[in-house]
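Would you mind keeping the following structure in view while I ask a few things?
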Amino acid sequence: MSTVENLKINKSGFQLTVDRWEILDEGIHVLMGASGSGKSTILKALMGFEQTPGLIWKMGDINLAALPIDKKNLGVVFQTWDLFPHMTAFENVQFAAKVRGISADEFQTRWSLISQQLKMTEFSNTISEQLSGGEKQRTALARAIIGKPRFLLLDEPFSALDADLRSEARLMLKEIVRSQKIPTLLVTHDLDDVKYLSDKVTQMADIASVVRLKK
Amino acid sequence: MFNTRVVLSVATLFLFISPFLILLSFFSFDQSLDIKELWWAVKNSFTQSALSAVICLFLGFVASLGLIKTQTKNPIIHAILIGLCLLPQFLPPLVVLVAIMNGLQPFPMGLSGIVIVHAFSYFGMTALLIENQSKNVLTQTLQSAQILGVSKFRYWWSIGLPLLRKDLVLIFTYLIAVFFTSFSIPLIVGGGKGTTLEVLIYEKVRFSTDWSSAVSLSFVQTAIIFILSFLALKGRTQFAKQNTSLQWLGSYTGVFLIILLMVGFLISYSSGVISGLQQIGNLSLYGNELIEAFLASLFLAFLTYSLFMGFLYLFCLMGLVYRPIDIFMSGYIAPSTALTCFALLILFPGDHLWSYIKIPLAFLLLGFPSLYRLGWGEKLKSLKNQIRIAQTMGAKPFEILKSITWPQMKSHSRFMSGLMATWACGDFAISRVLSTKDFTLGLIVESLLTSYRMGLASLLSFLLIIACGFCFSIVLGMDYVDRRKFKN
Amino acid sequence: MKHFFIFITAVFLFLFVAHINKNQNFLASEQKPTVRIFAYSSFTSKWGPGPQLKNLFEQTCECVVEFIEGSDSGILLQRLKVEGQKLGADLVIGFDQFDLQKATVELSWRALDFSKIDFDSQILLASKNEYFVPYDWGVLSFVTKKSKGFSTTLSLDDLLKSQFASKIALQDPRTSSVGLQFVMWVLKVKGETEGYEYLKQMMKQAHSFSPSWSTAYGLFKSDQVDMVLSYAASPLYHSIEEKNDDFVSLEMIEPQPVQVEFVGIPSFCKNCEKAEEFVNLMMSPEGQKIIMEKNYMLPVLKNVKIGTPFETIKIPFRLLDIEFPSLTEVDGVLTRWSQIRREISL
């Protein structure tokens, strides 16, 4: 288990506090809550994009919260995927590997494995701006895991997909996370995500207290 | 990344408030500022800007009906009309001034003259803004209204205008802010009566060397403009994404208005150029100086382009824009054209070769905040998530800049820098303050204009258009080459 | 990106080489001293006497003359104060008698000896000072066209009549010496109280108050106005250059003002001897002729205009005496004028 302690976020409009929370360090841990409950805020705090003095995120001997963003070695997929639109699908993934310092040989090996698992070979040379929703989602996932991240953080990655594509995407995610053995935190409000993916579920209300500030 | 952002943010802030700092370090606030004089100048500024804005908005609204009419039915005509509408924005201000003064004989100096020039210069852009907002706001109600059998006039009166009211008010406020800070137009066609605040600041420095008053007045002006701009940009419009037809709402009257005004403009300008051709012998007095001035204008444009591209590149290095910097850039207005120029005049040596540094720098200080607000800032901020993802991957700031930010900002930056370079090429207002003699084409045209040698002024302004067009076409050419390379 | 840089560098180099190339003379002339002359725009313009005097001087002086423009004489002194020492001003051309006191108080000047110059008797009074040499003079008058049908003899009060509403181009006294001449003229002939009242009415009546004489005259020439405050010699320009005899200067009922223009050398000059040589050129018969024929002002030396069309210029019978008001007086007048201005909004 990895442990999150003393997470306090003060934003205009609300204060969010998580005293202590244990996250699975293998498999898929789902954090569930209604829209606007602060799930994405917690995720951004773990990434390092929110001001959270005193936060501890212990994974083994390492306090990930104390590391700078680029040293945490996290894989991230946002709801809007945010591919680099001027690059092809392949170049998106290659860029992630390059900045992570993965050697060319190792990249080739990992790329052939991941692209097969995610069925990316057909569109890997297409400019990402021109990809369909499902293809973008798979490219974002490949980009997030190519660098062998310590943790994979997913912020409602299927919400922009059609229902039939979602099932296929869930399946792919489950397989690849299991085969790559990457601990994953998935934030969602969709019950089907919980049903088909979760190894453990946490409700926002169970771990976080949110105080809405009066205007 | 944090340190780079901090350093660049502080440096940017410092750069843009430097005119204030320079002037404050040399001069103190005038404790005994003449309130009556200030009130008089503010009143004049508001009078000319409000009247200009009203007429501009009216003309812009009528013109927008023409754009709406041709939106989907005649896309080619629509594109031509848009080009005509934006023509006064792209042409050097001198050209617009020369054409209008040529066309209206006798030209009404004073309030009328200022309003005419302002309204003509901005009605086209106003029309585009209104057309765009109509697309955003009116499409949902249009079909229901048509089915109910509402007439066009009734629709506009009862539905369209009320729905657009907020946007029209914002456009109106924006126009007032623009006209309030207008400097060269009131200076040239004001007729020496009814001084505006911007001209008063110029007079304080130029005529009475009362720097303390000038600095104080400038702060007052900045505060007024900040409030106006902040209000105007609060409800910033976004460009319509849907491709819906409002054609039924449009009117050919708008088309005729645009054509009438622009054809009148072109005829007036051409007659000036033809008259100038008849006096072309007089240009021999300038001799080689014309060629030198032409080259100097191009050189100035090139330096301005390079400075802008360099600055935009560095700004992109910041990656995620700090919210305070975003607010600052969105609301910041340079102290005033006259005062910014005078700050640079004090800072740098007076030799005319230094003009090649002072003038591009003046354009940067005065122009970048406007560019930021006109969409460049929004485009950069839209890359926020991509930059965040790259950060989590472990990419360094320069890597992010080179591989992610700049490839997506390059084209837009090039266009904006090219626009600035074109304006620098045709500039006379800033050059007039910062240089010592007629060393650019713009300055020569202005000299001719102010001594009412309209024919020669028109002819040389045509040369100016060629110079500006040359600058801009190089920029477009580079962009085209880049895109082709990218496609391949 | 590489190609972009190559292309941009090529364009840059081309412009730079062209710029340097056209400055071959400039670079060569860097070895020669540069005499910097502050003057007003109509003196330095292509149509003024400046370029011809410059060419003539450069033929013998082993130097380069550079003009620095101060749009009109009214702000010459301002520009000189702010930039003169930094730029290195060697000579200032274009002060009139109202500027001298201010110039003497605010800056220091090189004493000049012009006792040997044979001045015209009409401006002898103007030559009685240590630092500033008069180089031309003119009688101020309103210039109009005969075809407009106005009477050629008018009073100042006539100009307030409705037939002249928005038809007269005047100059801003803060920036234009001609403008200041007008204000002082009105105050002299009408007295202070009545004079300021008159100016208030003229503020509404006039078409515009241009920053310089050339702008106001430009308005008149392009028929934006029917009448302009200029010099009695102005119609001669149209007669000679344009072969147009329609222009006429009015004879006013009141005595008309005389403007004398001066040249001086600031004490912070860098090329002071060259500057004196330039003054000598201006005061020579040849220089005086150039100034007369280009500026369309009267020469200060005797006999220069003999045998020229300038002999035909009708000097009005009654002229105001040439006076040298103090700095306080001039500032007071301008302050009061600024207050009157504020009563007129856009």
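As written, the chain order gives the labels A, B and C, with residue 1 at the start of each chain.
To be clear about the criterion, contacts are C-beta pairs under 8 Å (C-beta built on N, C-alpha and C of every residue); 3 or more make two chains touch, one makes a residue touch a chain.
Here the structure is a predicted model, which is why all the values come from computation and not from measurement.
Innermost chain of the displayed assembly, by C-alpha centre distance to the whole-protein C-alpha centre, is B.
Ranked by the number of C-beta pairs in contact, the top chain pair here is B-C.
Chain B and chain C have CA centres that are 35 Å apart.
Spacing of chain A relative to chain B, judged by their CA centroids, is 44 angstrom.
A separation of 76 Å divides the Cα centre of chain A from that of chain C.
For chain A in complex with chain B, the touching residues are 47-49, 68-76, 78, 80, 82-86, 95-96, 99-101, 143, 147. Of all the residues in chain B, the ones that touch chain A in their complex are 1-2, 385-386, 388-396, 399, 403-404, 407-408, 486.
In the complex of the two chains, the chain C residues touching chain B come out as 3-4, 7-8, 11-12, 15-16, 18-19, 22, 41-42, 45-47, 51, 66-69, 74-75, 78, 81-83, 86-87, 172, 174-175, 203, 207-212, 214-215, 217-219, 221-225, 338, 341-342, 344-346. Looking at the complex, you find that chain B touches chain C at residues 36-37, 40, 43-44, 47-48, 105-107, 109-111, 114, 190-196, 203, 206-209, 282, 285-286, 288, 291-292, 295-296, 298-299, 302, 306, 345, 349-351, 436-438, 447, 450-454, 474, 478, 481-482, 485.
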